[in-house]
Every structure is written in C-alpha cells, then in structure tokens.
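After this come two complexes, each holding chain A, first together with chain B and then together with chain C.
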Partner chain A sequence: MKTSRFFSILLVLCMVFCIAAAGGSAFAADDQIIIGLISPNTGALAAYGTGIVTGADLAVEEINAAGGILGRQVQLIKTDDQSDPTECLNAFNSLVAKGVGLIIGSATSGCTSAITDAANEEEVCILSPTATADSITTEDDFIFRACYADSFQGAIAAAYAKQAGFDKVGVVYCAADVYSKGLFDSFSKACAEYGIELAAEQSSASLDVQDYTNQFTAMVNAGVEFVYAPYYYDVIGPYVVPQARAAGYSGIIMGADGYDTTPDYVVAGADLTAFNDVYWTNHYDPSDTSEKVSSFVQAYEAKYGSIPSAFGATGYDCVYMYKQAIEAAGSEDSVAVRDALADRSAVYECVTGTFSLDESGTPLKGAAIISFQSDGSTVTSKLVDVVTQLP
Partner chain B sequence: MNTFFQTLIVGLRLGSIYALVALGYTMVYGIIRLINFAHGDFIMVGGYTMIFVIPVVLRLGLPAWAAVLAAIVVCALVGMGTELVAYRPVRKKGTNMTALITAIAMSLFLENLAQAIPAIGPNPKVASQIFKAGGIHIGTVTMEYTTIITLVISAVVMIVLFTFTQKTRLGRAMRCVSEDKAAATLMGINVNSTILLTFGIGSGLAAVAALMYMAQYPKVYTTMGALLGLKAFVSAVLGGIGIIPGAVLGGIVIGLVESFTTAYISSSMADTFVFLILIIVLILKPAGIMGKNIGEKV
Partner chain C sequence: MKKNKTARGYFLNTAVIVLLFTAFQILTAAKGSQGAFKLVLVPSIWQCCYLMVLAASLNLVLGFMGQLSLGHCGFMAIGAYTAALLSLACERAEWFDGKNDPRFLAVLIISVLAAGLLAALFSLLVGIPALRLKGDYLAIITLGFGMIIINIINNLPFCGQDGLALGSAGASLYKNGLGFGSKAKVQFLWFALAVTILSLTLLFMFVRSKYGRAIKAIRDDEIAASASGINTSKYKVLTFAYSAFFAGIAGALYACTNATLSTSSFAFTNGGILNSTFVVVMVVLGGMGSLTGSAVAAVIMFLVNYEIKNGQWVSLLPASLSGIFEYPMLVYALVLIIVILFRPKGIFGTYEFSLQNLIPDIRNAIKRHRAAKAEKEEAKANA
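== the complex of A and B ==
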C-alpha cells in the first residue's frame, strides 16, 4: 500500500515536470528579443521600481507597435529585487538561468553593485537606469547606465552652492548607504575645489533612522545656511525636512535624484511651507517643452494617468538604448551588444538628454536643478536651471 | 545649553515611544515567559489600520486620534488570533524554544502578509497630521505637545497596568499563571483564557504605541516593527523584563542614550552605543536595572 502511494506521487511529479518542460521549450522557440528587467517593485523604494517598469513597458509597447527591433517583437521579463542586494543577485541569476543576455537594472547603486561582477563573469549586459554611484561602471566591462554618475551629481550641488553665494555649507548623510555616502564624497570633494568650507558634517547610522533633529541642531549651531542631505524620498518627506525646520534650521536643503516623488510622501495637514527652499538635482524635468520630452510625457500620461518620474524616463530610455545597440550590432547577442554600447561615437537621443557614453559607460549629459514650492497645503516642483557642464 | 535641551527632548521623544512598545513586550513576557517578537509587527498592523481609518474618522468630524479605537480592536483581535492559531498549539506540544521560533516566524509572516495585501502593498505610506503642531518653548527649543502626550500616556498605561496586575482578580490570575501554570489550574483559574486576555491587552497597547509613533514619525511601512520592536525589546530587557515600571525606565534610558550619542559622540554610532549599553548592563546586572536576582525555582 505504502509503495504504490509513493509511486503514484512520483508519477504525478513526473507529469508536472513534463508539463513544465514543455512550457519552457515552447517559450524559447518564440522568436522574440528578450530583455530582463530588475527593479525594486516591492519594498521601501517601490516607487522607483514602479517608475522604471511603467517607463520600460511604455517603450516596449511603442517599439512593438512600430515593428519591433530587427523586425522581431520585444518581450520584457520583470523581476523584483525589493531594493535588497541579495535579492538583486537572485533575480539576476534567475534571468541568466532563463538565457537572458540583456538586462535593465537595478534602480539603486547598492543593488546594482551586487550584480556587476556576476554580469562580467557571465558576459551579460547590464544597463542601469539610475544607479549613480561612480564605482558601478568601469572600462572594458558589461556594465552601462542611462544616468550621470554621482561625482557629477554631487559636484553640481556644490557648484550651485557656490553660484548662489554660499562659502560655508553643512552635510547630513547616511554613512551606511552607497548612494548617500557616494554623493557626500563627491559633494565634499567638489566643495574643496570650489573653495567652499564644509563647516558641519553629520551622519545617520542607517536608512531606518527616524530622527534627524540632533543633526540639524548641529547645522544651526555651526551657522550654515546650505545643507546637502542626500537621502531618498521616504526619509526626506516625512522626516528630514519637517524635523530640520522644527529644529530651527531655515536655510537651503539640497539633495539629489532620490528626492524624486517626495511630494507624494509628505504629511497631509502639516505645515508644508517647510518644503520651500528645498532643491535637488534630477535626470530630467517633466515640464521641459522639447519635442522628445513632451511626447514622452504625453504618451505616459495617456497610458498611466500620471506624470512620469525620472525613473520612468530613464527606464524608457534604457529600452531605446538597447534598441539602438541591438540594431547597430545586428543581433541581440550580449557580447555584440556590449561592443555596440562601448562604441563611444554612438549618440543616443533620449528623453533625459542627447548623449554619448564615456569610456566607462556613463552618459555625458546634464542635470536639471529643481526646487520644491509649497503654499502650505501642497508641494509642487519647479525647474530652476539645467546644467550641462561643471564650472 | 540649547543643544543639551534639544538633545534631551529628542531622547525623551524616542524613549517615550520605546517605553510604550516595551510595555507590551514585558506584559506578555511577564505572564507566559514568551518573548513575543511579533509585537513590533502588531504596531505595524495598528499603523496601517489607522492609515485607513483616519480619513473616515475625519469625515465624521472626529479628531484624527479617534482612529486609535479601531486600531486597538484590530490589534487585540490580531494578537488574540496569533495566540489561538500559532502560540497555543505550539505551547501545548513544544518547549520554550519552539514558542520563541514561532514568534519570529509570526513576525516575518505578518510583515510579508501585509506586503501581499493589495491595499497595503510595498510602498511606505505617510500619515496625516494627528495632533495639533506646537509645543512648550524652553529658550529656543520646543518640546512638542506630542512628546508630552506620549510621556503622559506611557506613565498612565504603566500605572494602570501595574494596578491591574496587583489589585484586580484578573490581574492576580495573570500573576498566578506566570508563577505556576499547573497550580493556577488547580486553584480554578482558566489558564488559556487568562493568557488570551494578556495577549488582547498587550496587542491593544501596540495600537496605542502605533498612534504615538505615527504622531511623531509619520511613515508607516511593512517592516517598521522590526528595528522598533528590537529596540523596545532591548528596553524591556534593560529595565528588567517582566517588570512593568522597568519597561518604561528602560525605554527612556535607551532613547536618551541614542539621542546623546548622536549629538555628542558620533551621529552614525547611535545604534552601536544602544546595544553596547545593553551588554554592559547585562554583565553588571543580569536581571536588568529593576530586576531582582531570583534563584532557580525547584
């Protein structure tokens, strides 16, 4: 009795595997170009994942409607890294196991840095929409990105401080986060170059810290009127800005692309005038009137009913960069595409700017400086300036 | 001097939250000797309940904090449900260790379950303003009303709980269960329903803690209970776990240590010092600040 039950279970398992195997082969026979996508679709930074996925979906839809790449349809395989580096590597491995050679991802530098070595080893192309840490891309590798690097982003903030006439600034950053620490490093380096004094320097132990009052009290005591605070939106909206104002700090708070989508994460009913005098650098500005940007924003709004964040824009750009590289290479073979992406003469006309890639695989392009404005009950963004070159 | 006061106030603000959360830990531990690691996640449950109920409450013309009543009910039900579904069957069959592992499993289960519910999802949510902004000015620093309310609530909860366990029949039943389950049964105490009540009260407290947490740190996310729960647990152990006033003392000490480390030593070392203090206290006084060393029961 027992043995026959064991065999029947075994038989059922065999059947299940047969079906699964059949499904797998049918999938591979399809003549589609597969692009893998790794993004934080759940977890603390899910807003980034949502942006990238919606942007990439829109691009794939447009490309397929226009006849695909090299006459073949494009399919995205989406995976989730929960903004956790370990999960990111798992997602990468699962894509490689499916035979995917072209990957878009991931959103944060922390996650992307977890897969760069594996990608070079497996000869799989990685094109990150928004991993800005300098260390992500190096020469002669399979890693590229659609965004500028932090050394540029941090330096722009320093240049802005200089231009606005501040010769004494402070910094509050997270010592345990690659992105925040990287921006702090590039900002402080640029400050030294521009002759700006770094009068106060405070940090937080993790991104889970809820109280920044003491850090900003130190800023007030140091008498600075410009503080660089490279954090993400979920810390800036509910914690950093209101607490800084409550601690008596009334000067400028400046950040980077992590501030994108902050207006969706502010406390309703609180005094939102705290968000005046908050500036940040971003990859693009949705109110830009150029043909490329406005047609993208219109198409995105028609499909999703909202204004695309910079993550939507760079996710969209990544798909088109792959399209151009695949067409230049004549196939979707990952080594051929890598060589096409490494060609420094290729010019990409994207939503986030027209650019070519430098020797490491990072775009040479400008940044938008954006400020928040508030009448007390809502927070809106306003373009201040577009910087293409450092002074 | 201003910096000192500011740091003190931040410490009290953090400490009052830890104290309120630690009360829930200590309450459950005191009765059934179970470290309920899911307690931090009950706070998350309370937080999300309020996120959904606050708009309704505001539409009815009531103040936002009235949403805590719904949260207390939901949290108490979740807490008692957890006891019925997970802890009680495990306690019957297993040892203290299996119960502890179940508590950790329960914590992860609640975090992931919350993420899977579409209305909650993985995105953090930001609460609206709960109490009126403003506070008492001391020099140039402000002690917010929210901080004062949290401290007062912690003190009231502490006194009520202490009186309840010392003076009422139900409280006496709880203490009996904590001392000797078998003897309590012989004395005619329904052990199971006493434990269930303990979970109901402990989890209801989590909802109150969630309200005060959200009033000061208005971000709610599915893993919010993890680090908060851990620090509150440390507070409870520091004060002497199972001792109700000890939880409040421990919470405030941890909050002050965290704040003063940030301001005067190194802002990125706050957590390091919190756990360092824990180790030092436990070496010097293993039963916690207010704990008494009692010999092993034979």
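== the complex of A and C ==
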C-alpha cells in the first residue's frame, strides 16, 4: 500500500516535470529535414489518420532511400489530434515549439480550421491532405491542401447525374455537419445550374445517426431514382445503404470521398448486393493503370499488405509536394517553402493527379467517379470515369 | 476571534495571489516571446484554467449537493457559443479595433458574463423540473440535456462555419471575435488567471455561506434537511444555476483558447478529456467536496492527456508500454483505477488546501498518523 502510493506520486511528478522538458529541447539531428504530421490516429475517424500516416511514411521511406531532399534525410514527427480541434491545436503548438516549420495535417476541415490562424501567426506551412471545406484556404497565407474543395466535389456529382440523364434527384444529408452540408450546398447549386430538379430533401440530426429509413422512404415517395447522400464510411456501410434498399429504394446512391474504405465497414453476412448502384467521387482510383498510381499501389501493398485509401494517396502526395517545394525554394525555411508552394506555375505530378495550385492553395485537378460492385459476399470498387473539368 | 481569523485568511490569500501574479507577469514580460513558453506553457495554462473552473463548478452540484449531473458540458457549450457569437457580432459591427483596443476588454468581459448568465438561464429551465428527480433519474435527464444542447446548436443556422447567418449550420464555427492567437494568449494570460481565481473564490464563498451549509445538509439527509425548514428544491435549483453559471464561464474561456468551436468537442461521445463524464471523473479524482481537489485533479488530468500525446518520454518507453498510450482513454481509466484503489475518497477527499491552515494541518496529520501507528502497535501488543 505504502509503496503503491509512492509510485503513484512518482508517476504524477514525472508527468509534471515532463511538460517542462517537452518544449525545451530540439531533438532531431541538425542535418535532417523535419516534417510534422497531425492526423486523427485514434478516435472516431482513426481510419483516416491511419491512411495518412501510412502513406506519408511510405513517401518518406522512398525519398530517404533515394538520397533525401537536397541531399538530406527526411524525418517525420507524428502527432495525434483525435479529430478534436483542441487536441489539434495542442499538437500544432508542440510541433512548432520543437522548431517544425512544415506540417502536414489535419484530415478533417473542423480540425484544420483550428490551426490555420495559428499557422499564419507563427509563419508555419500547413499542407492538408484532405480538408475539403472551401473556407480553409484563402489567398496569401500559409495554408495549402492536396485535395479539391467541396464546391468542386458536389458539382461533379450533379454533373454526373445530368450526364446519366436524371432530371429529378433527391438528397439525404446532415444539415448540422460542415462536410455534409457543404457538399449539399455545392450539389444543389450545381443542380440549379444544370436544370436538375431537387425533388426531395431530407436531413438527419447528426452524422452518426443509425437510422435512415424515414429519409429513404421519403425518397421513394418522391419518386426519385438518384439520391445524393454525403456521409462518412462509418454509417454508409452498416446503415445508409442497407436501410435505403430495405425501405424500397432501388435507384442510384451517390456520395463523396467520405465513402472511401466503406467495404471494410460493411456488416458481415448482410445482403451486400445492396451496394450495387452506389457511386462516389474520390481523389484517385487505386485500380488506375497509369505508371504513377500503379507503382504507388504496388509499393504500398508490398509494405502494408492492403490497397491504399485516398487518405493514403493524399498523405503520400503531401510529402512529395513538400519535397518539390523545398527543392524549388532551396531550403526548408517555412517562408521560402510557402513562396514556392504559392507559385502557381509549379506543376505537381502526384498519385492523385497532375495539377498546379490555384491562388488560394487548392489543387486544380479532377476527381474519379467510382462505383461499388457486389456479388453478394464482397464489395469491390470499380472506376467509372475520371472528370477533370466541369461541363 | 473567529471573524479575525477569517479576515486574516482572506488577507493572506490575497497577498499571496498578488505576489504570485506579479511574479508571473514579470516572467511573462521577460520570456513572453520565447517559443516553448509561448507555445507550450501558456496554452497549457489556458486549458488548465477552463478545466479547473469547470471541475470546481461541477463539484458544487456533485460533491457538495450530492446530485449526479452528466450534462455539465452542455452548459459549457452554451457558454462557449454565447461568448463566441457575441464577440463575433461586436467584431462585425466594428465596435473594437483589434485586440489592443481598450473596448475589446469591455467586450471580452461582457461576453464572459453573458456566457455565464445564459448558461444559468438554461440550467433553470432544466433544473426546475429535473431536480425533483433523484439519483439515476437526474443523471439520465441531465445526460439527455447535454445531447439535446449539442443537437440544437448543430442545427442553429447562425452557429456554423462563419457564424451569425453568414455560413451554413455546421458542426464547426471557424472564427470568433475573442479567439486568441499565440501572442494574444500570452498578452491576455492575466485575464484567464483572474477569471479563474475569481470564479474559484466565488465558489468558495458560496460553499462557506449559509447556502453551502444548506446544500451540504441536503446531501447528507434530504428529509432531515427539509424537516429543519430548508426549502430543498429552491436550494437545489439555485445551486444548479450557480454551478451552471461557472460552467458557462469555463465555456467562454474555452472559446478564447480555441479560435474555432466544434460541437463535437462537447459531445458525450467525444474521446478527448472534454466530455461530461470526464468532468465527473475529475471531480471524483480530486475528491467530492473539495474545490481545491477539483482544481488539482483538472491540472493532473490535463497533464496526463497532454503528456501521453505530446510528451517526448513516450517514445523512449518500450514498445509494449507505449502501445497502451496509443489508446488515451485506456490511460485515463488506469489513472482513475489507481486513485480509486488506493484512495477511494479522491486525492483530497473533503480536505481543502489552505495557506493559513497549512502548517497546523500538517502538524495534525502527523499527530494523527502517529496516534494511528501507536494504536496499531498497541493492538498488536495486546494480541
């Protein structure tokens, strides 16, 4: 009893003293280029964090094996934000206090928005792999991203509906979530432009609701055959798609990059033919046969034994974008790298496409439209089309 | 004599606080621009401040009044959004120009007070019907309330993205008028400390007043209390509102610390340290019925949370140990288990740390310890 209490106190004291030590010392070797990584490695969106970390790790490994950047090795410092803005800011501050000037992160728009102001104040570069909200990047700042913005992604879905000949569509979304609502806004705006009628519109209370039967019954009653449902993988697999089919809806369900990794989250034993006629837009398609993509997918599979998600691909791309920017700038000084990234004539040849950044720091690139296919026991993805420009 | 002692206590505490405060200001002025101080220490103090106010305010309901409330973060969310939107409105109306404007200070104080008042108002709405229930039922209704608040805020069109009807309803409010950057956090550190000290003092004064004695009586035996002429439901609702007021103020401090707000931070399912269950854990850890205990527990919980994510010593640990740290929730649970196993009353129990009584308290504790030892030995000898 006595010794246990002693140890408890000792443990507490250790932690108290460590906070002082945490900020003080720079620990990396001088000749290394350090890149910070903030991602949700635990918590509700851990699959995103895992994807980004594995992708970035692979890129760093490749770069180091090929001689590094400017002849120097690259080191990645990884931190976890639990997809919570406070934790994201803590992780950012601890990285900056360690002298890190180049940061990749974070996965979601909510977290990334928590660190954008701080990054501008501290003059630290932020390159987000997947924060798609339009308002994240603005002109003349230190914030960049490797993915397209929501306003583009929603419009692509509308363009696809138009192309496929639907003039009457429905939407099931969550008005309370910035991702879902942002996509809904751009989708409905594009629909108005293309002359598509928004015949039914249903909202759920939050992004993690587990019952969508009423919403899809309303879709059936409205007689629509195309429903846009921007949600994340954690509800699409187990709830949205099976419940939509159970409610008698047999048309097309279309989503966005949140559908990535859905096949890992379907309910085993359920009738998976429900996933036929489900389409979604994504940053890239792993079955693409171009040299860039296939070599990335092969290397990733060799290292981790699985097909990389879009988060793995954008995480991988972020490291290479930094590599190119550092080489263009000639140093890893954050202001110089910022200027290199802000150069709109630079062309990045990445896994998720060949693109340059626009004035806000968002890539001008296309999206892959992917469909799920199922024989009843497994769900696989198939590339339908690659859209580079809106009609 | 007694009165004299209380006055001396207040004097001593004020003197020490003023002394520490001045020393801290000098330190801030000297080291304010340095990286680690600005980026690690100051934001940590800000976070500790709101956690301390939050835990201490819940202790009033949980520890002193004996009612289990699981919706405390709901009040904090109300406070955070009130302060954020009010200051944002002032910024949009250009009532103040930057954070150095003296008028900003007025806006800041008004926002913090408004945050507290609105949270207290909502707590009256919930408290008047809910506090007629006891034990588990109250816990369930307050738990529900916390979730309802999150969903309401989620669906208010003026709480999302850019705020005040300029953006769509959404889980994140990207900017608010009183969100402090790193430099401003150093500059306004005195404000966070002053609000925290003032809040804790007011909570102390409440506990020491006749209201405090009344709610302790209700905790110990509600029937006996009401038989002695205490209007139990009035005192319960009053205390609930008083506690919610400070939860609202903690929310306002949270809004200052994080320039962005996201309702998921206050949600019951949040995996971080800011959810209603976790505040209960802090209170239990510090000792139900000890405000200083809650403050200490809030700091400990913050350090645990911060260290397992950002501490460098984590990477020095063997893989099997650092593997646990990849699941922070596990570590919180372990800390709680250790405390409950070896000290079921919590770290402080019902003891209140006091500068004036520190020396006599230590002396008494040693005396008691010796007496217990002697008794044990006597028992052994007798056996």
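Methods note: the second predicted complex is superposed on the first by the 363 of 391 C-alpha atoms of A that agree within 3 Å, B and C clash if a C-alpha of one lies under 4 Å from a C-alpha of the other, contacts with A are read in each partner's own complex, and residues count from 1 in each chain.
Assume a contact is a pair of C-beta atoms (placed from the backbone, for glycine too) under 8 Å apart; a residue touches a chain by one contact, two chains touch by 3 or more.
Every value quoted in this text rests on a predicted model; they were computed, and no experiment measured them.
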Query raised in the report: Which partner does A:Ala176 contact after superposing on A: first (chain B), second (chain C), both, neither?
Result: both
Query raised in the report: So, does A:Thr213 touch the first partner chain B, the second partner chain C, both, or neither?
Result: first
Query raised in the report: Looking at the overlay, what does A:Thr354 touch: chain B (first), chain C (second), both, or neither?
Result: neither
Report task. Could you say whether A:Asn221 touches chain B, chain C, both of them, or neither, answering first, second, both or neither? Result -> first
Query raised in the report: In the superposed arrangement, does chain B or chain C reach more residues of chain A?
Result: C
Query raised in the report: Touching A:Gly237, do we find chain B (first), chain C (second), both, or neither?
Result: first
**Report entry** Touching partner for A:Ala205 - first (chain B), second (chain C), both, neither
**Finding:** both
**Report entry** First, second, both or neither for A:Ser306, with chain B first and chain C second
**Finding:** neither
Query raised in the report: A:Val266 contacts which: chain B (first), chain C (second), both, neither?
Result: first
Query raised in the report: Which partner does A:Gln163 reach: the first (chain B), the second (chain C), both, or neither?
Result: neither
Query raised in the report: Of the residues on chain A, which ones does chain B touch that chain C also touches?
Result: 41-44, 82, 175-176, 205-206, 208
Report summary line: So, in the complex, the side of chain A touching chain C is made of residues 1, 4-5, 8, 12, 14-16, 18-19, 21-25, 27, 41-44, 79-80, 82-87, 89-91, 93-94, 96-97, 99, 109-110, 113-114, 117-118, 121-122, 133, 135, 175-178, 181-182, 185, 205-208
Requested in this report: Please give the residue numbers of chain B that touch chain A in the complex, ascending.
Outcome: 2-3, 6-7, 10, 13-14, 64, 115, 121-124, 126-129, 133, 140-142, 144, 217-219, 221, 223, 227, 259, 262-263, 266-272
**Report entry** Interfacial residue positions of chain A with respect to chain B in the complex
**Finding:** 41-44, 46-47, 82, 175-176, 202-206, 208-211, 213-215, 217-218, 221, 234, 237-239, 246-248, 265-271
Requested in this report: Over in the complex, which chain C residues touch chain A? Could you list them?
Outcome: 35-37, 39-41, 43-44, 47, 151, 154-155, 160-162, 167-172, 174-175, 179, 181-183, 254, 257-265, 269-272, 274, 300, 303-304, 306-307, 309-313, 326-328, 338-339, 341-343
